[in-house]
Amino acid sequence: MVVASIVAFLGALTAPWLYRWLGSAAGWVLALLPLGLAVYFASLLPDVVGGQTLRHSLAWVPSLGVNFSFYLDGLSLLFALLITGIGAFIVIYSGGYLKGHPDLGRFYLIILLFMASMLGLVLADNIVTLFVMWELTSLTSYLLIGFSHSEFKSRRAATQALLVTAGGGLALLTGLILLALMGGSMEISELLGQGQLLREHPLYLPALILVLLGAFTKSAQFPFHFWLPNAMEAPTPVSAYLHSATMVKAGVYLLARLQPALGGSEVWSSALMVFGLATLLTGATLTFRHTDLKRLLAYSTVAALGALVFLIGLVPLTDYYAAMGFAAFLLAHSLYKGGLFMAAGAVDHEAGTRDITQLGGLFRVMPLTGVAVVLAALSLAGLPPVLGFIGKEVLYVAALQAAPAWMVGLAVLGFAVGAMLALLLVVPFFRGQPPQEVHEGPPSLWLGPLVLAGLGLLLGLFPGLYNPLADAVASAVKGQAVAYHLKLWPGFNLALLLSLLTVLLGVGLYFLYPRLQAWMVTDPVPGPENGYNALLRGLMRLAAGVTGLLQSGSLRAYLIWTFAGLVGLVGLALLHSGTLLWPSNASEVNPAQVVLMAMMLLGAIIALGLRSHLGMVVVVGIVGAGVAILFMLQNAPDLSITQFLVETLTAILIALVLLQITTIGQVPAGRPLDAVVAMGFGGLMTLLMLGMLSQPLELHLSNFFTDKSLPEGFGRNIVNVILVDFRALDTFGEISVVGLAGLGVYALLRWRTRNDKEDDPLRGTTSSVHLIGATLNTLILQTASRFLFTLLILLSLFLLLRGHNEPGGGFIGALVAVGAYALYALAHGLAASRKLLPVRPLRLVGVGLLIALLSAFPSLSSQRPFMAGEWFTVFGVKIGTPVIFDIGVYLTVFGALLAAIFALEESALNQEAP
Amino acid sequence: MSWLIVLPLIIPLTTALLCLVVPYRRAQRYFSLVGALALLAAALTLLNQVGQRGISAVQISDWQAPFGITFVADHLSALMVVVTGIVALAVALYALAANDTAREALGYYALTNFLLVGVNGAFLTGDLFNLYVWFEVLLLSSFVLMVLGGDKAQLSGGVKYFAVSLLSSVLFLSAVGLLYGATGALNLADLATRVQEVPTGLLSALAMLFLVAFGLKAAVFPFFFWLPASYPAPPAMISALFAGLLTKVGVYALIRVFTLLFTHETAFTHSVILWIAGLTLLLGVLSALAQGEIRRILSFQLVSHIGYMLMGLGILTPLALTGSVFYALNHMIIISALFLIAGLIYRLQGTGVLVSLGGLYRSHPWLAVLFLLPALSLAGIPPFSGFWAKLTLVTAGLQAEQYWIVAAALLVGLLTLLSMGIVFAEAFWKNPPPKSYRFTPGATGGWFALTLPIAGLVLLSVGIGLWADPLLRLSQTAAQELLDPSQYIQVVLGVSR
Amino acid sequence: MLDLVVYALVSVGIFFLFIAAIGVVRMPDLYNRMHATSKAGTLGVGLILVAVAVFYQDLSIATRALSALAFVILTAPVAAHALGRAAYLSGVKPCDTTFVDELAGHYQANHKLESVEETLPASNPESNP
Amino acid sequence: MSFLGGALVVLMLTIPLAVYRLVKGPSLADRVVGLDLITSVSVALAALYALVSGQTAFLDVAIALALFAFLATLGLARYIEYRGHQGE
Amino acid sequence: MEILLAFLVGGLFAVGVYLMLRPHLIQFLIGFLVVGNAANLLIFTAGRLGSQFPPLIHSNGGVAQPIANPLPQALILTAIVIGFALAAFGIVLFFRAQQVLGTLNGEEMLEAFEPAPIPSLVDEPHDPTQPSQEQIPS
Amino acid sequence: MRAFVHNVVLTIFWMAVTEAFTLGNFLIGFALCFLILLLARPLFDPQSQRYFILAWKLPRFAGLMLWEIVLSSIRVAQAVLSPDMKIKPGIIAYPLQAKSDLEITLLANLITLTPGTLSLDVSSDRKVLYVHGMFVDDPQKVIESTHESLEKAVLEVTR
């Protein structure tokens, strides 16, 4: 069985190639695949009819308890036979119907994939496997419905079908998982025995609703029936196969399959009966709104599906009639509906229209198709001597046994419409004139309908042929052994009377049809499809609204959201705890620092009121300077130096850029909301800090660094030893960032000068500023800078080399060196400054990082980890890899910053050029 | 072994530096390819080692934890690094075929490799401050990559991406400082042993600060706006890399700290995560539906699906975390593939705007297959890889009786399907627009070279779907390690406190 | 004794820095303010640096302190010159009480500066009250 | 508080005066003069703190600061020379 | 002292955030600089204050106590440098943005994507300009 | 210059002999060797004689400079602290005698550091230095006094 399923999938995958190879004959060859499978399943008939259930299992995803497990009993076997049997005819039929279509190879592929999935679905034992197959059928049918994808209607119908069935699928998945959790197993065969446990579980009702949702959407039950007629946009073979015989019955299959586990409760029966009946009547009613053959058949399918669901709901309430009626009606419907769809397609193919009001006299030109239609219509009308009659009879018996009278009455009404439809279908074959040049299609087009309809007749005449399998089916649905004798002639009883009534009503309706139809078409009742469309439109509107609200494009809005979220979440956490932590021990208050802090805050607040950009930069600079001084007063010399240098460099960079921007724009004023958000955030940070300070600080890390810095790190500047040894990896990342920033600035500015010189609309305005890139062309500065340059380079090397022991180090040293070059560039121009450096600065970034990286490798030789410090004594001087690493830092920072400054200068010079 | 853990850092770093130092473009291309291959090989070896020997750690610079910086490879880290290697290789191949010489000249290869350095560093480091540093490395390289080329969309998106990232950096930094000030520790394992002494309220507030800082990077509601504003702008090879890797680093960090550090009050913290997950899921997918351009749709989908990863974290059961990990790994592969496909579509028809696209189903059936498979996987349709992630998460959610998040997760799956369905209907099914564009292959690589890496990713994803057990098992192990941090702490600190 | 010298140096240094600060506030225009910073400011910083050198009485420290001093003395006037010139070029006008402005009108568009000899008269009637 | 500690506080009181000019302007060059004075005071502070703390390391802070203050002034001077009339 | 710093840091954060929220990108950048300083001060305070000596070891190997906590200093150094790199890149990025987009106002800098109408799967497009490519039976 | 090189070489020799490569020892050695060279002054060619002259003039020049700064600061202090600020500012053109880059730069810097004057710019042809004066009663007087005291001192050192 597992093999059969895999063969089905693999066989499907060969279809496009086979088609390319064999051309139009491919259909006949490909039909061998379903046919072979049908034969295989037929060979299993004796076992199954004998009461055996076959089970094969293959571990698939054992970590989730998912098995590729298959289970074959009467119910699955009937479905498997239908799928493969009808599938074979459909494949043949497709070859004729879509002859010469450019996408036929693809079509074969998808329809065979569909068949394989459907087969997997009805054979699956594991709920996940079942669900996988379930979704695969939705998916393949999506591709099939959208086969004529250049039409908008097809695309819409495909998406609609996908959405409805996949949406239901999700409900189903949830329901199935709940069942598995409740029953403690993912195997349906095991769940079936636990009906009692499941029904008494508190989650029974939600699980049931979810499963029903899945089944109802798939099987087009009211109110989800609307997608099915729309799906008639698909080519006819698809409609015939998916929408009559197989896929839509997947929901019915599932309900029947789970009946022994879920059935037996009040809810189950009433839900299924009510919705089944509603569907039956909906399908019947909507029949009046169309004259398109395929649509008529589609509504009839809806009605039949309703009847099947109704029957399943009856199963627990009757002894065996309902189960047996299910078995009989299911097969009957598959045979006649498959045949009718194919016949309708053949008519359309040959006559060019499917409108029953336009057709006439077809029997003369299409006799074989005509025979098939007549036989199938008999079954549809529920007339003897065909299987449809038997199915409907047993159904009536079951309904009379357990359903309320009003339900029976409504069912009769629904079936009467079926009888009317049968008349509607048959009449065009006999009345009127055939259209010009219409003739019987090729065998591929009439073979299927004829055989299926013939089969209906055969089984109607000799129901005993089907009886053993029907018993097995009914047993599976009922959950206990059922033995019933199917008879064509049950004798006179109430059910027969109802049948008669049905037919009479049907004939009556046939005559009323034109009037009823006119009424229904002119005054269409808003159906659930309108609901679906409104939902989708509403969804799209909601989506647009949400997006407009959230994704406004304004940076400030994004930031406000972020801060609001932040303040909200952190505030929530603080409120939630409800306690305010206050530090108990703090260090002595230092007046100098307090003065400094007050000034910083004051300066910052003053800056908020300024209307000049650079002025603001300058004022905010005092915050930076204040922090630097504070660092100094708190005994952090390296920090203080770095802070000063970095603040200055930042200010210089901003000035350098502002210099090149012509239209800076006004400094906009702040808004109250901003102030609220900002103060909220600031307040929270203060609260968090107070909380943090209320905790004692564990100093194990710093004590370790202080202890080991000299004896094992060979440096007296503990901060620097942390940077280049204890936490050198941080520094590595840090200089990578610096290098990247240099690369980034270079790339940003370079791209412009290379690529968009012509199409930059702003060039005209920028070039109006003269001399932007000019130097401070003064003799005094030029003379001083010559001297200062050498001095600064020397100082920078000095700072680099002694950094391990005293304030300094690679970063500070590099900044000083950059300062030297910047000074020289200020005084003498970019070109002159460039001449003082023999390599390109960006190359230095690479070299510096490479040196830093290489300094991490010597430890490999002593089998110590990455970056472990190795120290050597060369001529009495202690040299270690951390020192070499610091040289890498120096070069990287130097190269990156210089590259950025040079690129900026160059961009200024380029702007200046006319 | 100790060097093996740092190889995922060293390899891209070396590659990047070689590309910086050697100016010849052909050499850089060669470095880039060899580097990506080597990275993948190293990552796989690492995963194998971790599988055999359990969590492994190396003390960088040979300073015993918690004093130095520790690199730790557990299953989560190793898996993330492996998938990073895969995505990197695919994108490297695509870039070779795309042959964007202008970007190459401005350091494309160095930048992407630096990005990988940052990503892998973030995945492997066992130190909170070091994590900050790697975040910055990957951020800066991504900034540059983002704006490289500097057209309007890139710059306007890049500015937002940059601005929001700055904010997240500052928040992260402050959060690290506060946590240090409250515990005295930076090493994650060390922190894990010390956070219990911090008062619950304070710790929860700090946890929220980390949630926001990482949430900004992971692009969750209400912090995701920068992503759709910027990701659609750069060329496919760059946005694919971003989409695959960057947000996942944020997700990884969230998973790490909310399993290792902040498990003191899950009723509060993880409920918040669940809410965020749900809102991200729903609002992300809704916004995706309001887009008419493929890469913008994908960007919002990317956002939305981060919600799934958080969902597992919020539920915090073994199964749920398994789902999160699996989802993240799977998502990295498929979203990269989808962005690359969007790039191909752009090359084919000169636009990504849906109404101007069409006819690809007929003209490029293989592209349709390549699109459909990851798209369905994204929507969680079985038997594709995304389904297993969703199945795991949904099961976990039902087990934990978190019904509304399960409902949101399922609904989002459906809406994702709708969104992908719209793309398929418009770009593939609909008739092509009257205007015809010409395929613009790279100078060195044609159609085949461009599709090869995509096909690789898609095949991998299909493979994961059909044979989900190995990856699920690994994710399960990762989840177990996360939920019981004692082994992690033991390995890093050498003692179990 | 030594302490007293140090204290004196520091006090005088701070005094001159205060002078500079007050000058920056009180002086009528930019150019006069720059007088305050470039002279009193430099001296104030210098004195404190000298105090450091005196206090430690260590040759290497003294060298550092004095080289810092040298640096300040060397750079302060250069910076003042660059700033003053730039300010003049950008249009910062001397205050009304400015007695004479012989620079007026001598800057060319390209920021080249003519000497007085080329374009007499030496004094600009405009700025001569 | 020691004499030098007090000196530190007194010295800091010059900063508000400089900030006054920094904020008041009116020209950008005036602001730079204010900034320049702040950095001068900072250099003095560093030197003074080297005295107060007994740590000559802070002398290096003074040197580095003096150096970069010079560079900053030059950079801003260039800005003023070409753009000063706009950035009031 | 620590408590005062907590308030200073909060104040600086507030000022910085207020600036970051202004639409002008230069303001944003300045705000970032302020916020960065606040974060650095935060870390510094986290290491506790009250030291009298910098974290330097004497030439004789001795350590004067109370020594400043060296770890936050190292962390801040790294953070300062990274912040600087970010700011430097940001300045140039904003500069380029101004050149290409013509504004430095974040609110005028809306998403500059190609306009892309949202296709509907409910209603047929109003302008069916697409000629049907092939006629196939359905 | 050769004399300077001699001096340095001798100092290194001194340091080697005393086995102390420290800054202090260098300075001591340098001073010692300078005295020796001073003794041996007649041995040097006329060009090298400048070294010895400079060695005398430079300290004197530095002293002058420092003194000027002190003086000027006091003048500024007077002005700043006086209630009515008796200043009489003006910008004057100072005709330069100094020619070389070094001379002009030194002079300009000195002018800035000295009482009441501040160099603004040098004309492009290097003929004129524009000076801002704080107390310009008579421009000619300022020019003359600057010429007498500062420019002379500068030229003495440089020529």
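Order of writing sets the labels: A, B, C, D, E and F. Residues in every chain begin at 1.
Here, a residue touches a chain if its C-beta (ideal position, glycine included) is under 8 Å from a C-beta of that chain, and two chains touch if they have at least 3 such contacts.
Only a predicted model underlies this, so the values are computations on that prediction, with no experimental measurement involved.
*Asks:* Work out the mean Cα position per chain and let me know which chain is farthest from subunit B.
*Replies:* Comparing chain centres, F lies farthest from subunit B.
*Asks:* Have a look at A-C versus D-E and report the one with more C-beta pairs in contact.
*Replies:* A-C
*Asks:* Just give me the whole-number Å value for how far the CA centre of subunit B lies from that of subunit D.
*Replies:* 47
*Asks:* What is the distance in Å between the mean C-alpha positions of subunit C and subunit F?
*Replies:* 17
*Asks:* Subunit B to subunit C: how many Å between their CA centres?
*Replies:* 58
*Asks:* Compute the distance, rounded to whole Å, between the mean C-alpha positions of subunit A and subunit F.
*Replies:* Inter-chain centre distance comes to 79 Å.
*Asks:* Enumerate the residues of subunit C that touch no fewer than two other chains.
*Replies:* As it turns out, subunit C has residues touching two or more other chains at 20, 22, 34, 42, 44, 71, 74-75, 78, 81-82, 84-86, 111.
*Asks:* Multi-chain contacts in subunit A: which residues touch at least two other chains?
*Replies:* In subunit A, residues 102, 150, 154-155, 159, 540, 544, 551, 553, 555, 559, 613, 635, 637, 649, 658, 664, 685, 687, 689, 692-693, 697, 699, 701, 705, 726-727, 730, 734, 737, 740-741, 744, 748, 752, 756, 771, 774, 776, 778, 780-781, 784, 806-807 touch at least two other chains, as defined above.
*Asks:* Multi-chain contacts in subunit E: which residues touch at least two other chains?
*Replies:* If we look for residues of subunit E contacting two or more partner chains, we find 20, 28, 38, 42, 45-48, 52-54, 56, 71, 75, 78, 82-83, 85-86, 89, 93-94, 96, 100, 106, 109-111, 118, 121, 125, 130, 132-133.
*Asks:* Every touching chain pair, please?
*Replies:* Taking the chains two at a time, the touching pairs are A-B, A-C, A-D, A-E, A-F, B-E, C-D, C-F, D-E.
*Asks:* Would you tell me which residues of subunit F are touching subunit A in their complex?
*Replies:* Residue positions touching the partner: 101-102, 104-105, 108-109, 119, 121-122, 126.
*Asks:* Once bound in the complex, which stretches of subunit C touch subunit A?
*Replies:* 71, 74-75, 78, 81-82, 85-86, 109-111
*Asks:* Give every residue of subunit A touching subunit C within the complex, in rising order.
*Replies:* Going by the criterion above, the answer is residues 770-771, 774, 776-778, 780-781, 784, 788, 791.
*Asks:* Could you list, by residue number, the parts of subunit E that touch subunit B in their complex?
*Replies:* Listed in rising order, the residues of subunit E that touch subunit B are 20, 25, 28, 32, 35-36, 38-39, 42-43, 45-48, 71-72, 75, 78-79, 82-83, 85-86, 89-90, 93-94, 96-97, 100-101, 106, 109-119, 121, 125, 129-133.
*Asks:* Given the complex with subunit E, which residues does subunit D contribute to the contact?
*Replies:* By the definition above, subunit D touches subunit E via 53, 55, 57-58.
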